[in-house]
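Below, chain A partners chain B and then partners chain C, in two separate complexes.
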Partner chain A sequence: MKIFVCIKSVPDTAATIKLSGESSFEDSDCKFVINPYDEYGIEEAVTLVEKNGGEVVVITAGRASADGALRSAMAIGANRAIHVKTEEQFLDSSFTAKVLKAAIERDGMPDIIFTGKNSVDTEGFQTPYRLAAELGFPVVNEISKLKINGDKAVAEREIGGGDREVLEISLPAVIGVTKGLNEPRYPKFPDIMKAKKKPVNLITISDLGIDELFSKSRLVKLESAPERSGAKMIQGSVEAQVKELIRILKEDEKVL
Partner chain B sequence: MKFYLLIKSLIMIAAIFWAFRLFFIKVKRLYAIMMAVEGKVEFSPFDRLKERLKVLFTDVLGQSNVRRKTLPGLSHTLIFFGFIAIQLHSLELMIRGVFPSFDLLLFMPWIYSKYLFLADIFAFFVLIGFGYAVYRRTVIKPPYLTMGRDANLIILFTSVIIISFHFINAFQSFIPVVVAGEGSESVTSLIYQNIFPVSGILAYILAFKNWSLGWLIFGYEISYYIHICTILGFLVYIPGSKHLHLLAAAPNVFFKRLEVEKAVQKTDIENEDASSFGLGKVSEFNWCNVLNLYACTECGRCEELCPASNTGKPLSPKKIIHDFKADLFDQSDALLTMADLPEPSKNRDSILPIIREGSEITHDVIWSCTTCRSCEDVCPVSNEHLDFIFEIRKNRVLMEADFPPEMQETFTNLENQSNPWGFSSDARADWCRGMGVPLMMDKPDAKVLYFVGCAGSFDDRGKKISQATARILQKAGVDFAILGPEESCNGDMARRAGNEYLAQMLIQQNVEILNQYKPSMILTGCPHCYNIIKNEYPQFGAKFKVLHHTEYILELIKQGRLVSNGKDFGTITFHDSCYLGRWNNIYTAPRDILKEINGGSLLSLNQNLSKGNSQTAMIKSYSNQSDSRLIEMDRSFSKSMCCGAGGARMFMEETIGQRINNLRAKEAVNTGASMVCASCPFCITMLNDGIMETDRKIIVKDIAEIVDEGTV
Partner chain C sequence: MSRTGVLIEISDSGRIKDTICGVLTAARGRDGNNEVYAMVIHTGQSDQMDELQSAASIDQMALYGVGKLIVITADGDLANSPDIQSASIVAAAKEYQFNSLLGLASASGRDLFARAAAAFNEPMASDCISVDLEGKSAVKSHFSGKTFATVQLDCTTMIATIRPNAVEPIKVSDSQIAAKDASYSIEIINFKSSATSDGRIKKVEVKKGSSSKLDLTEAPIIITAGRAIKDAANFKMIEECAEVLGAAIGASRAAVDAGFAPHSIQVGQTGKTVSPKVYIACGISGAIQHFAGMKTSKVIVGINTDPDAPIFSKCDYGILGDIFEVIPALTKALK
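== the complex of A and B ==
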């Protein structure tokens, strides 16, 4: 069984992002981690391979610093990695999908491709679908329960209101995963050290024959979210409080 | 008679030879095991010999540690000296068994008769000691004192030795000894009469003077065989029993760590040849660990004080030591075989992991420890239980990634944001917004670097404490600055949770920054920061003067830079945090502050300080003071009970047994004080939570908050 896990190196959700210029940010002090949803994919792939044999290949399209994420993935059990080097953190999903497809095809076709349901930096929710379309594979996303039966997979996803949708898909397929699928393991120390020596196949976009300028969308501007101001406590009698509230909504917040 | 004596000497030669041979074989094996283990000892057990000899005098001869429990200590002291006292006599008897005419009393009558007189009294004291031991085991029955076959056998053995000793002496008093000449011309005399005070009474009661010489000799011989056989039997029995402590306690104490302050062992995680890290198998003990195991006599004092044992957790420090020892002995064959082989063919796989199917030491056992160190503090043979716990946790985390699952998020947060909660590390200085607290990067030559810590920077309660501390420093005109976003978690939690890799990463980050600023003093608001920066950062090349805020505030008060405004805080009880008290011996500073700030007078403070007595005397003087405004809990000073947060327990679920913080909070409430004061943000959180569960909601405050409110 050959399983690809597409991962992305993203700023830690707790990190404070300091913007610089129109559309970039200072990333020297910013901690980058594996996109949290991708971790479920790695864990699932590693568990499947532990059970059935085979190989887990992690793949990313990202900047040089994404190497850290690949090493972390290999520390918890991925066998090797493919790193398609890009200059930008924020990539267009259609571009990412093309790049991933080309790199996967070059490496040899997989039985399963896992992705996170989305990346927590750009929140595009696009890559799994676009990648599947590029490859001509079936795709399911936001999977929180999975069973592999030969060349079929039975996948479950929450569809709101406590209901679950159970889907059967034929493999190979792209499976986007989310929280609940498993508990990603913590790496053992010797595995962290071993991961530093596992092979990473470093390729460039031009190696894949893709036009670097191909992109269907473009990042124009980044803006910090306004800081939340503290809660206001309105004092006084009920009548006075209501009056004051209406005044605030009308005059200060201008929502009425 | 001559024939009998010949037979007797042959029997004695055989018995003595046999017993000593077995004894030496057993001891040799114990020594071989000590030498076969491969762990490294981090401190130097062979340095400062003078101090070590002094320790032998105080701890072993002075019995200072045993006597910390008054009656059992006294009982042990009587038994200890009694047994030492009869050794020469026993040796003489053995020699006399082989050479019947050997008699020390004839060689040196004056001195030996004095010795026998004293030995006879001391031996009787042993019986008094045993009397109390039996009373304690049958009537008082403290729960931490488990009664095994081993313990009963030993009391039986030793009682027989002492009773037969008195019988031998009693019979001897009435048996004439050849004092001169040979054969029929020999002159005999009752030289032993009137030497033995206690045995003399025994002889008087049994009216030996009316017995015929034949019966007296018969009685003597019977007592003799019983006495010597029991001694020899005991000799053979000791090395395999818990009374191995007779042999191991003194060397264990001699080679102990001489300072109270200590560090978790620094593991060389960059060593690529290492096949394992931490303590996974008995072969990974160091020889001091093994000596610790040998020295334990299962007195249970550790278990009596252990916060885990006291709240129904599966950990007992006594039992874990016993279980390590049992596993060591179970696997000693494999261990010794492995040790004999040259390096490439050493088969370490033949030794089973300590934590395995059916093992007594389980996951819950090793993760129940709060690292409060009361077991080590109270141990009469100076065992260091935590060295085992730290190393075994290290092995579980690094080699198996096995730890309480809730710790995974904490580890990840520490790794990504350098704090256990996962707040953005950029927000580290947010607690002092608008307070005018400078950052080190803007004021690199500030005299005092205030290391705020994670709780002080991010926890809502902790932030109030650091704000109070900052205001105090500003009031006192201290030239200080903080690291802000340059500060990382100190590494204590990761280290004590066994994640040495993560801990070293965090420590390195701080060490680099600290070495860059080289502050003349580091002030910490948290005992955990204080302890690790002071005692463990030197392992990583950062040596600084470190003060905890209790120490520093007291200094500022003494310098007159902080003056009480006379505010009355009512009655206060002080909770000693483990990492300030037992780990670093700071007990008096916070109490001095509380006396001064809470309507005390500078006079009383100065009186206390000018005494300049030893720490023990100081502690006594505090405990005895009937200062009605500072009330001590049942367990305070070095006996203080942990709040439950130490050893990274703060970030683990507490699902087994009673909650430790609830127990401690109840104790604080029971003093009747109107406020409980602590000096650790984690203790504060734990006590706050615990007090919610009690029916009297008393106030919990950090000493910095009290000083902030109580000074001009």
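== the complex of A and C ==
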């Protein structure tokens, strides 16, 4: 079984984002990590290969600093990595999909491609779908339960209100995953050391026959989300407080 | 004149979801003059379609500016193939020459529109807070809600999904209805797409959850409990309050990780993103990751025993107190 896991190196979710210029941020201040949803894909791939044999290849299109995320993925158990180097943090999902497709094809077709359901930096929610369209594979996303039966997978996703949709999908396929699928393991120290020696194939987009970066969606402005300045504290006894809260919500805010 | 197609989502009974009205409002464009085509996927349940075409539903769509309703059917198994659904949406968008294609960033909307954008080979803006159809740009959350990004799309047809409750629903004015001579009548078009599928992806089942519960991401009011709830059984107190409020119930990551609540109701970074009119956070400290999932709520209320809890520095109204006293009192007062 050959499994690819597409990952992205993103600012730690606990990081404060300091803006710089019209549409960028101070990335030197940020700790970068594996996109949290991608970790479920790595764990699932490693578990499947432990059971069935084969190999797990992690792949990213990203800047030089994305090496850290690839090493972390290999510490979890991925066998090797492909790093398509780019200069930009924000890539158009159509471009990313083209790059990933070319690199995956060059390496040899997999049985499964895992991705996170989306990245927590651009929150674009499109790369798994566009990658599947490029490869002509079927795709499912936001999967939190998965069973592989030969050349088919049965995948479950939540569709709101606690309802769950069960989909059957033929392999090879792109499977976007989310929390609930598994509990990603914490790499042990020897695994972290071993990961430093695992091979990373560093390539450029021109190696893949792609001439230049293109972008059909451009980030033109990045601004801090408006923050509230602090709560108006409601005073008095518990009864008085809840009465006042109800009055505020009904009369002042008109939301009840 | 510019033309917008909107994918309508309906409940099991065929009623239009309330959250669609905000999308229809956005679909009318800057001056409110766009032609709006509502589209619905006919999954084979004719009673659903009857309800959708009932006078009440037609009135509701007309009030929010819909001029035509396209009922989509297909050669293939439309009900069980997300690929046939998205291909049919693209086919309708081409047939009726939409300048923009909008939907709701719900679980099914997110999925179908991403499929459609990939099939259409057009860029898309997902989970937008606002859209500028004329300028082909959108504002959406970046870095888990810490920043807002304006994204410019280089496209022929602008494709976007809108975060539920993010755009305030506004009815069209009487004068606009009169000017269009629409008088609440909507033309119904049956559109049959030729899309079929090779069967490589197929919906085999929907497992129903507890059907009485409101969907978190689309609820107008949400009440959420944090670790301070101490036990799964104590959610009963939250449920009682939610019932009188007409609210959906959420939980913080701490409460989910402690096993007090399922992940399906987690709000925040690795859970759901919500944007209700009222968000009541009970015993939640207010971590940056939690705010990522609810900061675009209209009014946020924090209830906590710790005066230094970060929630109080970032919400609208605060009650310093024990949730086990405040929530039952709130439930009682609401009754």
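Just so we're on the same page, the second predicted complex is superposed on the first by the 231 of 256 C-alpha atoms of A that agree within 3 Å, B and C clash if a C-alpha of one lies under 4 Å from a C-alpha of the other, contacts with A are read in each partner's own complex, and residues count from 1 in each chain.
One rule holds in what follows: contacts are C-beta pairs under 8 Å (C-beta built on N, C-alpha and C of every residue); 3 or more make two chains touch, one makes a residue touch a chain.
As the structure is a prediction and not an experimental result, all values here were calculated from the model.
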**OP:** Kindly classify A:Ala14 by the partners it touches after superposition: chain B alone (first), chain C alone (second), both, or neither?
**Re:** both
**OP:** Return the chain, chain B or chain C, that is in touch with more residues of chain A.
**Re:** C
Subject >> Partner chain in contact with A:Lys232 - chain B first, chain C second, else both or neither >> reply: second
Original post:
Now for A:Glu251: first (chain B), second (chain C), both, or neither, which partner does it touch?
Top reply: neither
Original post:
Between chain B (first) and chain C (second), which, if any, makes contact with A:Glu183: first, second, both or neither?
Top reply: first
Subject >> Intersection of the chain A residues that touch chain B with those that touch chain C >> reply: 14, 16
**OP:** State the interface residues of chain A toward chain B in the complex, per the touch definition above.
**Re:** 12, 14-16, 18, 29, 31, 33, 183, 185-190, 192-193
Original post:
Quick one: in the complex, what on chain C touches chain A?
Top reply: 82-83, 106-108, 110-111, 114-115, 117-119, 121-127, 137, 140-155, 199-211, 213-218, 221, 245, 262-264, 266, 269-271, 277-278, 288-289, 292, 295-296, 298-302, 311-321, 325-326, 329-330, 333-334
**OP:** Can you check the complex and tell me which residues of chain B touch chain A?
**Re:** 269, 272, 277, 397-401, 403, 405, 408, 411, 413, 416-417, 422-427, 485, 501
**OP:** Using the touch rule from the top, collect the residues of chain A that touch chain C in their complex.
**Re:** 11, 13-14, 16-17, 19, 23, 25, 36-37, 92-94, 118, 120-126, 128-130, 132-133, 138-142, 144, 154, 156-170, 173, 179-180, 215-225, 227-228, 230-234, 238-239, 241-243, 245-246, 248-249, 253, 255-256
